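Presented below are the structures under discussion, each in the form of structure tokens.
One chain, subunit A, links the two complexes that follow: it is found with subunit B in the first and with subunit C in the second.
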Partner chain A sequence: MDKKFRITEQPINIDACIKKVVRAEAGAVNTFIGTVREFTKGKRTLYLEYQAYTAMAEKKLSQIGDEINERWNNAETAIVHRVGHLDISDVAVVIAVSTPHRNDSFEASRYAIERIKEIVPIWKKEHWEDGTKWIGDQKENTSYEKDIPSEEDMNND
Partner chain B sequence: MDKKFRITEQPINIDACIKKVVRAEAGAVNTFIGTVREFTKGKRTLYLEYQAYTAMAEKKLSQIGDEINERWNNAETAIVHRVGHLDISDVAVVIAVSTPHRNDSFEASRYAIERIKEIVPIWKKEHWEDGTKWIGDQKENTSYEKDIPSEEDMNND
Partner chain C sequence: MIDVLFFAELQEKVGSEKVSMEADGLSVADLKQKLTQEYSSLKLDHAMIAVNEEYAQEATVLNNGDTVAFIPPVSGG
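So, the complex of A and B:
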């Protein structure tokens, strides 16, 4: 529960994620929360299903924390991503970044969500009114009609 | 308790503030949290004291919500600012902005904190190890050695 970079099947406790980065040296915490949106380009989502290779995904989330530390001074990052069945308005991901000054917290939090979509092996299956589709990569440029790539395929990239 | 733009003397419930803006049309919530930092340019803060003209401050916070709606499409904003005695790491302000897409939530949240510092009549009194000072305007460019301006002075601006 105390891990700063976590994949979970449970509803995310936003406060707990924020508390992991609040500290005396920080004056700012930027939090980005991704929620399940009902409509995308006029198409209605009924619910989503997220799937991840947990160990690999947590390692990549932790790597994003390291990248932030290389780029911004005195930052502390926590990221939790939920997997499994998510309904409309459910929280899929929470990023919290604390820094001494506010500008850095905004920039680093923004960086984190973009990097999650680039490098973390998490897929979402859209369940629309008229069908389903696995969406991946995370940048949403590639779709898998049938299934997501195997863990072995991922390691061969 | 349900007001979206609020001054409070109580500890801020971050989750409650976020819940006010989560909704089916939104896929993103950006939250900015300002906390009390212990050191500023090497000078140690022991605690802070915030003071506001509540009615005027809430009106200005609400105005910031309106400005966000003029600038970003389909945004929902909630802002709570605490006043009174705040210790190190206490949460002074929470801004939550939800939008359909993430870029807008980052931009609008950033806009909100800058505008709070520009237009909202809230002052902070720094209690350092070696003395005290009222800091204002909110951009921290002006200090009041003795006291903050009166409400009447504010209305004459």
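So, the complex of A and C:
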């Protein structure tokens, strides 16, 4: 429970994630909460299923914490990502970054979510009204299968 | 023997999350060829590769006991 970078099958406790980075030197805690969206370009999601390569995913989340420390002075980061079945509006990911001043915490938090979409082995399976699909390559905004329109691969920040 | 892990769509194609196979001394590229011969519908071109939980290149040579994972484009967050 004390791990600062983890994958969980349970609902995420947002306060617990934030508390991991609260400390006396920090004057700012920025929290990013990623939730399950119902409609993407008019297409209705019923629920999502997330899968992770857990051991490696936790290492890569921790690496993102290290990268943040190289780029922003005196930052503390905690990231929790949920896997399994998630319903609409469920919390999929929580990122908390504390820094002495607010600007760094905003920037570092944004950096963390972008890096998650690049290097952390976690996958999302969309369950729509009319079918299912594993989503890939959101940063490029294209699917790794070519037979489906790119808009369905999410403008998913 | 090495363990090969599959995720997301690749896992559904193979029908298993893990297979064990003889691959001591083979490169990752050799292993990919071997797997696509065995599973004709398996497309590994867009997958990144991890050896022992770190991203690796096609030229990486495998040893007994290694765990290789094929990582299709990720979609967390």
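FYI, the second predicted complex is superposed on the first by the 137 of 157 C-alpha atoms of A that agree within 3 Å, B and C clash if a C-alpha of one lies under 4 Å from a C-alpha of the other, contacts with A are read in each partner's own complex, and residues count from 1 in each chain.
As a convention for this text, a contact is a pair of C-beta atoms (placed from the backbone, for glycine too) under 8 Å apart; a residue touches a chain by one contact, two chains touch by 3 or more.
In this text the structure is predicted, and so the values were computed from the model without any measurement.
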Which partner does A:Phe106 reach: the first (subunit B), the second (subunit C), both, or neither? first
For A:Lys124, using the defined touch cut-off, is the partner it touches subunit B, subunit C, both, or neither? Pick first, second, both or neither. second
Which of the two partners, first being subunit B and second being subunit C, lies in contact with A:Gly34: first, second, both, or neither? both
Could you tell me if A:Lys4 is touching subunit B, subunit C, both of them or neither one (first, second, both, neither)? neither
Report for A:Tyr53: first if it touches subunit B alone, second if subunit C alone, otherwise both or neither. second
Common interface positions of subunit A, toward subunit B and toward subunit C: 34, 113
Give the list of subunit C residues in touch with subunit A in this complex. 5, 7-9, 11-12, 46, 50, 53-55, 69, 71-77
Mind pulling up the subunit B residues that touch subunit A in the complex? 14-15, 18, 22-39, 88-89, 91, 98, 100, 102, 105-106, 109-110, 113
Note which residues of subunit A are touching subunit C in the complex, please. 34, 50-53, 55-57, 59, 81, 92-93, 113, 116-125, 134-138, 140, 144-145, 154, 156
